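Questions regarding the structure given below will be posed in turn.
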């Protein structure tokens, strides 16, 4: 895994005429996780969207040092948002295989990823039959099946029970131990051992 | 390329498995084509003269009906946001979606054509010409429809605005599609077919860029 | 802190087009422009009614042309304004480009409708019918639909910043498509009506017709300029009111 560092400087973001982020700066280096905490509306999700390149900030910039300049601009990161991007009508295996093909992962990792996500034996089931927790696990299985250094996770443990939260913590710890980095927006505590720092966002203008 | 094929096969799989949509589309096409004679009257010569117009209007409306679902489900379940991190640019992925969409909504109309040709009293020559114009022209309808779908994907009531934007833009397709049948002018058919094919090629080549741009903006 | 703000070193364009600056300098321009428009119309209407001869074929109805041609020209010029504003919105994300684009759309629709109306009024005595499926008239009608579609799209969005960029995409696509529509309509017309009913470019233009035509074109163009500026000012004010209301609503307490 290539050594990528993430740095954001002076991010100013307005959405719908409202200031969401005011002069947000952060830096994450390999093996490190950054927890974004704060009340609802503090811009945690928006901050992740800016880092993922899905929202263009009015000012400031996001920099990835060490990223392959020839690769597509966001091919080194995973963004997992509220919507799982899982299609009912396709089986569990087809859903994961689709994202492996689109995001450029390796198909031979699929079995292991599903197994780790606790979905072994459900491969041929329609994804529409999964519970909310299982759907979340399937979405997170992408992180395992498609290795990418930077994870941007928006409330990864929502819809998961204590076991699931523990699994996410394990996932994160392994990722960081392998030199990966992560930025996680969450209002729940994620149980994990590893190098992490916390940043609390406050509501702009409050 | 893997990403391109993955999108293509996924959309085809979803379209074929949820066969209801396909059936609805074909049914709509045939019903519109069968309803218009009731408005015109059971005048066979007049109907066979109007047949190209009826077929094309039915095709235009049927295609219009299908566009809204082109990007909406991917937008709502978060897939579109993930496409941005793919190994292929969004333009390429949208192109794959357009091809799949045409295979699911353009091609079935051609397959359903014999029914309309029969009830409208289209001659054998007219039938083949209709098949050719639909094959040559429906990709352009898909392309314009995709732009309409992309600009309205973020709107909850987008289904209403999109046709108002797409229909005037689709006028050339209708003109060339029905113009091919004009008996008064020698060479009108081949000229119209060439123009239709050119229109389809150019619009299919350019629409992915416009649609992808609109999708990026809608995602913000 | 490496903040690369585009407003650090504003160029001349940014300075005159910044919303605040824009409101400042246009305040002094609107009234003179309106007076110039009124004078041009006064002069134009005088020439049209008293200083130009009736056509030997069409008689006094030819005077309709002095309204028809300028509005037809503006119906296309408005689209050009929207097109360049759309590029400004997409490429430079300039807020005034958004405003200019939004302000131009209803004006374009109005001038196009006026061109169609005068065309129909003129068509009655000339062709014997209000509406003829003439190539020019038909493509103008489609242009009106495109304007109305764009206005409908503007109104469908709550977030006007996003609407501006989405509408820009449609405007650009329309700019590529309008010539194709024009071509297809002409092709369609030669298919169905080999002999053209009427052509404006046929007869040689006499000086006595050219003068009123030019003066009226100037008057209508000035009218467009005035209305466009006024509409832009209105839009800027509307956005300011909205953001003030937003701030007030938030200050009133309670979580947003």
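The first chain written gets the first letter, and so on, giving A, B and C; residue counts start at 1 in each chain.
In the analysis below, a residue touches a chain if its C-beta (ideal position, glycine included) is under 8 Å from a C-beta of that chain, and two chains touch if they have at least 3 such contacts.
The structure displayed is predicted, hence computed values, not measured ones.
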Original post:
What chain lies farthest away from subunit A once each centre is taken as the mean of the Cα atoms?
Top reply: C
Original post:
Which chain wins if you rank chains by how close their C-alpha centre is to the centre of all protein C-alpha atoms?
Top reply: B
Subject >> Where subunit B and subunit C are represented by their mean Cα positions, the distance between them in whole Å >> reply: 31
**OP:** State, to the nearest whole Å, the distance from the C-alpha centre of subunit A to the C-alpha centre of subunit C.
**Re:** 47
**OP:** Quick one: report the Å distance separating subunit A from subunit B, using the average Cα coordinate of each chain.
**Re:** 37
Original post:
So which stretches of subunit B touch two or more other chains?
Top reply: 220
**OP:** Note the residues in subunit A that touch 2 or more other chains, in rising order.
**Re:** none
Subject >> Sites on subunit A touched by subunit B in the complex >> reply: 52-56, 72, 74-75, 77-79, 81-87, 89-90, 94, 97-99, 101-104
**OP:** Going by the contact rule at the top, pick out the subunit B residues touching subunit C in the complex.
**Re:** 147, 150-152, 154-155, 157-158, 160-161, 164-165, 167-169, 171-172, 175-176, 179, 182, 184-185, 188, 195, 199, 206, 210, 213-214, 217-218, 220
Original post:
In the complex of these two chains, what residues of subunit C are touching subunit B?
Top reply: 90, 142, 145-146, 148-150, 152-153, 156-157, 162, 165-167, 169-170, 172-174, 176-177, 180-181, 183-185, 187-188, 191-192
Original post:
What residues of subunit B sit close enough to touch subunit A in their complex?
Top reply: 2-3, 5-7, 10, 13-14, 17-18, 73, 76-79, 81-89, 93, 219-220
